[in-house]
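Here it is, the structure in full.
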Amino acid sequence: MNKLTFDIAHMLAGSLVLVSFMQLYQDRLSSLINIFALHALVLTASVAWQAFVQHAPHLYITATIAFVFKAVVIPVALRRIVVKLGIHRELDNVVGVGLAMLAGIGLVALSMVVMLRVTAEADPLAREDLAFALSVVLLGLLMMVTRRNAVSQVIGFMSLENGLVLAATGAKGMPLVVEISVAFSVLIAFIVIGIFLFRIRERFDTVDIQALDRFRGERQ
Amino acid sequence: MALIHDLAFQGAQMLLVLLLSPLLTGFVRKVKARLLRRQGPPLLQPYRDLIRLMRKDVVLADNASWLFRVIPYLVFAATWVAASLVPTFRSGLLFSWTADLIAIIALIGSARFFLALAGIDAGTSFGGIGTSREVMIASLAEPAMLMIVFTLALIAGSTQLSTMAAFMNSPEVGLRVSLGLALIALIIVAIAENARVPVDNPATHLELTMVHEAMVLEYSGRHLALIELSVMLKLLLYMSLIACLFAPWGIAAATATPAFVAVGVGAYAAKLAAGGFLLAVFETSIAKMRVFRVPEFLGAALMLALLATLLRFVSGSF
Amino acid sequence: MVVYALFGVLALVALAPVAIALNASARATALVYSASLMITLIVGTAALLALTGYDGAGSAVTLPLGLPWLGAHFRIDALSAFFLAVINLGGAAASLFALGYGRHEEFPGRVLPFYPVYLGAMNLVLLADDAFSFLVSWEFMSLSSWALVIAHHRVRENLRAGYVYLLMAGFGTLALLLAFGLLAGAQGNYAFDAIRAAHPSTGLAALVLILVLIGAGSKAGLVPLHAWLPLAHPAAPSHISALMSGVMTKVAVYAFVRITFDLLGPPDWWWSLVVLAVGGISAVMGVLYALMQRDVKRVLAYSTIENIGIIFAALGLALAFKAYAMHFAAALALTAALLHVFNHALFKNLLFCGAGAVLSATGERDLEKLGGLIHRMPQTAFVFLIGCTAISALPPLNGFVSEWLIFQAILLSPQLPSWGLKLMVPAVGALLALSAALAGACFVRAFGIGFLGRPRSDEARGAQETDTHSLAAMYALAALCLIAGILPGLFIDTLAPVAQMLTQGRMPVQTGVEWLSIVPIAESRSSYNGLLVFVFMTASGMIAAFAIHRLASDRIRRSIAWGCGYPDPGPLTQYTADSLAQPIRRVFGTLVFSAHESGEMPPPGSTAPARLTVKMRDPVWDTLYAPVADFITYASERLNVLQFLTIRRYLTLVFMALVLLLLVLAIWP
Amino acid sequence: MTAFNALDAVLLIPLVAAAALAVLPGYRLTANLNVVASLATFLTSVSLFLFEPRSGDYLLVDDLNKVFIVLTTFVAFTTSVFSASYIGHEIEIGRLTPRSVRFYHAMYQVLMFAMNLALVANNIGLMWVAIEVATLTTVLMVGIYRTHEALEAAWKYFILGSVGIALALFGTILVYMAARPVIGEGLEAMVWTVLVQHAAKFDPALLNVAFVFLLLGYGTKVGLAPLHAWLPDAHAEGPTPISAVLSGLLLNVALYALLRFKMLLALNPASIAPGPLMVTMGLISCLFAAFMLYRRRDIKRMFAYSSIEHMGIIVFAFGMGGPLANFAGLLHMTMHSLTKSAIFFTVGHIAQVKGTQKIADLGGLTVTHPVLGWSLVFGVVAIAGLPPLGIFMSEFLVISSTFAREPVLATILVFGILVALGGLFLRLNGIAFGEPRGPSGPVHASYVPMFAHFGIVACAGIYLPPGLVAGFENVAKLLG
């Protein structure tokens, strides 16, 4: 294991966590979308680096998908939604940024603790990668939980998924990675379409999930 | 031969209690009257009353059912059977094993059960008042009585009256705390059961204060005579019971010679007289209670009897 | 033998589809009830034969049903044969009664299919010889009776009764299930033979006992698990009430006896303490409740609780004796208990049938609206009176015999060495004595207000005597009450194999005793002869009647009742059920039910009626059931918030769960 | 037909049928085709028992999944029969358009395909993909009525489902990571049969983390509290056949996945015991759902909560482990599938006849519609675990076998079951008995599937065929 390759992979994964943190403290939708594009870019770099390190050309496909789809198409689409709905300036944190950051730090610590218990047999690159991936996943989930707006929730979900891709590509020789990333892209497309033109817009005036609550079953 | 002999004694006992009971009632009345410085009716007045009543027409309430007409006979039969099974002057009655003390209590209970029904049958409120109070009194008196029976049965090792009387007569008994408690309880129960002052007043005819008389208010003629006779029998029964359990002196054994039997008869008469006298004295010296004081009075009996039983359970020496 | 019984059960169950197919026509009513009558009679007789000819082994069969690796075990031994006889006798009587009564049924379609199934299920409980078959039949019995309880489902109270019943039945079944779980162990040796062979440890056995007491006790109606019983028993059609009260509670007694005496191995002395206490309290509470009721069927239902209490008290005594290896005394107490089981089945069936006859004649169950029925329904009144006398434990009827035996057993108990029992037994004796006396009061009230006096409503005024089938059933039961009362020795001897099997002891043979007396221990100690008491009473009553009629007077005049000078008041001035119980309510009710009377007197000169209000609280319901119901309401209301969260909050739940689990991992050693 | 073909056919028939249904017009034709395809799949799956099929790197047939496959295809078949008449009525009253019905039928077969694939997959990745496809398909079907409530339910299902998907994937990746050092890189490290052989040597800590993610990911699909939120609404707002399929099948499929991973963990002695986690979640679900039953106003939502409760019991049973409890869990799962889907058939008929699924508007059903009313009573009796029906047997085994080992846990479970019994019957009283409410028109639907299920459930309560028992016992041993 080359020291440099390890360091670069480590650095890329670590910066993905960092970008996740950046996402956490964005309180405006438009800037959040920008940061997410950055998130996707870092992921692309990371995946590409893994493809290079592992000599796994199919991972380049994943990297391409991540770049084209997540760093370009989705942010553009989301920006259009946000502008169209006129909510690009809206603040939608449920808890304060400080609190969210604190929670995020806690989560990262948790994922480190959990992953460092993994015995030394596992290869260190993968281990570190996994800890970072877990952090990204947890931070994405935290984001989904602390945001009220559907767009930011989607972004949370996508960064969660970025964490998954990071983990999958970090797992050396894992089959089906490309398929999985495709499947997830489709999933996200569904969600975005759902918000954008499918039923949510058709039926609800705002994409704020609270508006949906009016139609929860059983409440007369 | 022995069977005929025993049968004769059993028959004698049955007749004796039947014939003696009005006399006892008459005696008590007489003593009471004398204590109040009245002349009082003659001793034989109860007999006359009964005969006169029997000859009279029965006047039935419009609503009285067939049960109302059957009940006097049932009550009389149950009381009589019970009374004839309590040893009076000679133990070892032929049919003494027919019913032990528990069964005798239950027979009296049967009589009361039917009498209480009779109180409701005519459909007046006075019968109801009697019944309702009677069942309340019974609901406390009966368990108290059963507890007394338990105590005595545990001391004597039997519920068979003959055996119990024989045991009580033996030197083994001695003075026991539990016996004393049981005696007091038994007296209280006997007073309540026989509708005597202070629980009830057999002489009253003020409807709101009476219990037993209210139940039988609608009875007349021969029915009333039977009821009255049953009441007298019951008084005799309780006196005999107390005598047989707590003063068993002089009761002739089953194998006794005629002389001993004669002594037994004499002793029995004396005991009845003493009992009647004491009852009369007690009744004249105390006032009738309010109805709702009665439960406390009877509750005391129940507690005493329960205490006696508990003592017996805990140790044989009490 | 057991195979025939199973065929009987099968035939009963097969009647259900027939009833459905016949679509509840009049023909179906006749067919179902007469077929049930025949089958129960046959099975009951067979069981009786099996009991009298019991050879110590019984007959068993294993069918490839139920739990696959276990099969369904069925067996008849002395105990189950006795209970089979009791249950089928009760079933036969109820079926005969229903041949007449069932014709008035408004919704036969909701009764006929379930009735034979219910009978079959009860039989099956007694036949079962492994835990699974037992519980299946047990709960199936509850289920079929539940369907019968809610037969008249449009009455809200019935639905509620059925609901409470089903819940309590489920509760009891689960308690029994846990008990069997303990007995069978983790390996699942569910066959009774295996359970018998494995001796559980003391602590385990104690837990089993408590669970069984809860499981069987809730079905039997022991206080404080009785709450469902007075609701459910009266709600069903009367012949079903008779079965539920008279028969199904006996199945519960069977379950208790089977497990504690047979399966659980040698008892500890303190078990009896629990059973005795519960039994004594049930006896007194049951009858006190009964005294406060107006609905005649509820009176009867509460009285069932009393009698079950008596039975359990006797069983407790038997356990105590058994624990100290006093085999003879244990046999006496057990025989007393089982005899009371039989007796109660007889008179409770009889009384419920009587109540049913009254209900179908007047449409009323409320005592305050009855009265004077003895004139319109003399025969029903007669048999009902016999039932009342029997249940009040009055000689010479059967109720007295079993209570007498119980008292005899109590008198043997000072020999018990343990101090706890020395204090408990007399206390329970006092409770039983109290309950016996109160039962007398209760049935004076039930019969007196219902049948005597003057009618309190037009319905009661227009009542008609009930039909011949119903009367035949009631007369048969009344006759049995009398026979069991005057020839108890016969029945005691029949019970000997059961006592032998469960206590390794037996009572002396009674059939050889002179004059057909019963002598439980020794003649010098105690004896009772119901036959002679009966003969003496009849003879002296007849002689008195004859003598007086011949020698004195036999004339009768009718006149208006003496009203103490007031002109003939209406029937409403009669004593009512409530007022009759008022002294007892004052004495006991203030303590037990926090009964509170408040009078409202109009001012002088006003013509407004005075009003007396009585408030009573049910202590058991208030302290035990209401809090549970409140807790469930509260908890469900609180948790219900979770139905209305936003998606984000649901995600938060997922997130929290994830973090929590990861934390667990992080601190996992 | 050779065995291998049978295995393929189980997957191919639904796939081909889905394609055909997507293009064919006319709801009668498509409905019938749907039935025929489901029947064919079912028959094929039965033939799996007759011929021992060969397992490959991607597909696998063993004792465990045979049980699941047959159950799934059977319920899918009966549901398709029910669905044929149900959907017809929905078109008549205009709740569905012919177009959406075509979509519905195609999706139905896609769902069948996905579930079958999840069950026969010999590859944890493939299994994951299949379960996700099944989830997405049902999302679309839940929202098919396009009412506010239906869309909301579908959306909720979609979002929560997606998160579940993601978590499950992470778990799957971790399992691969754990397996790779032992088995080596590549496909091999995701193949069940290989994983099981080497499970003892995997890194336990990694397996632990993996299991947590899998438990939450697939647990969301199973409907375990507190991950259950999508379940009641999805059941209540979707078409009733889908409610039946969801409760009867999809939950099972997710459970199947969970069981597979549990087996893996059980083989690795150094990893945490999966039992306690499953037991805890099972108990929480059971208790929580039991309390939730009390305040339900919608009949389908009520039975959805009852599904959560039963899933809790099943997970509890598997978590306890041991041959008896595992057997009980399998039996309970089978019986629950059959019973619950039959209840949904009944409820579907009821809702169509009465025009409402609000409990308050239903009443006296045994008077107006005796067959439906008593069927519902039967169903509730069965689902409440009363004898002599199938669920009683499994509850008997679960409780009696665990009480001796873990008295406190068993007591909690018993409490939950009792509370649930109370809740179910409280509502049943109002629906089936009392004064009749609502219209009393005739029922235009086939009772056959309902009766078939109830018949099986009734028989199973007192008699289980030895073949089935032997199969279950084998599987129970496998599950450890």
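Each chain carries a letter (A, B, C and D) given by its place in the written order, and its residues are counted from 1.
Definition applied: contacts are C-beta pairs under 8 Å (C-beta built on N, C-alpha and C of every residue); 3 or more make two chains touch, one makes a residue touch a chain.
Being a predicted model, the structure only gives us computed values, none of them experimental.
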item: Joint neighbours of subunit D and subunit C, given as chain labels; value: A
item: Centre-to-centre distance between subunit D and subunit B (centres being mean Cα positions), rounded to whole Å; value: 78
item: Cα-centroid distance, subunit A relative to subunit C, in whole angstrom; value: 68
item: Rounded Å distance between subunit B and subunit C, as computed from the means of their C-alpha atoms; value: 35
item: Where subunit A and subunit D are represented by their mean Cα positions, the distance between them in whole Å; value: 31
item: Sites on subunit C at which at least two other chains make contact; value: 643, 647, 651, 654, 658, 662, 665
item: Subunit A residues counted as touching two or more neighbouring chains; value: 114, 117, 141, 144, 153, 212, 216-218
item: Contact pairs between chains, per stated definition; value: A-C, A-D, B-C, C-D
item: Residues of subunit C defined as touching subunit A within the complex; value: 643-644, 646-648, 651-652, 654-655, 658-659, 662-663, 665-666
item: Residues of subunit B touching subunit C in the complex; value: 51, 54-63, 65-67, 69, 73-74, 76-78, 80-81, 95, 97-100, 102-103, 106-107, 109-110, 112-113, 116-117, 119-129, 131-133, 135-136, 138-143, 146-147, 150, 153-154, 157-160, 163, 207, 217-218, 221-222, 225-226, 291-292, 295, 302, 306, 309-310, 312-314, 316
item: Contact footprint of subunit A on subunit D as seen in their complex; value: 125-126, 129, 132, 136, 143, 146, 148-149, 151-153, 155-156, 158-159, 162-163, 165-166, 169-170, 173-174, 176-177, 180-181, 184-187, 189-190, 203-206, 209, 232-233, 236-237, 296-298, 301
item: Touching residues on subunit D, where the partner in the complex is subunit C; value: 155-156, 159-160, 163-164, 167, 208-209, 212-213, 215-216, 220, 226-227, 229-230, 232, 272, 277, 288, 291-295, 322, 324, 364, 366, 381, 384, 386-388, 392-393, 396-397, 399-405, 407, 410-411, 414, 417-419, 421-423, 425-426, 429, 433-435, 461-464, 466, 469
item: Complex interface listing, subunit C residues touching subunit B; value: 371-372, 374-375, 378, 381, 385, 389, 392-395, 400, 404, 407-408, 410-411, 413-414, 419, 422-423, 425-427, 429-430, 433-434, 436-438, 440-441, 443-445, 447-449, 452-454, 515, 517, 519, 523-529, 532-533, 536-538, 540-542, 544-545, 548, 551-553, 555-564, 569, 571, 573-575, 579-584, 586-587
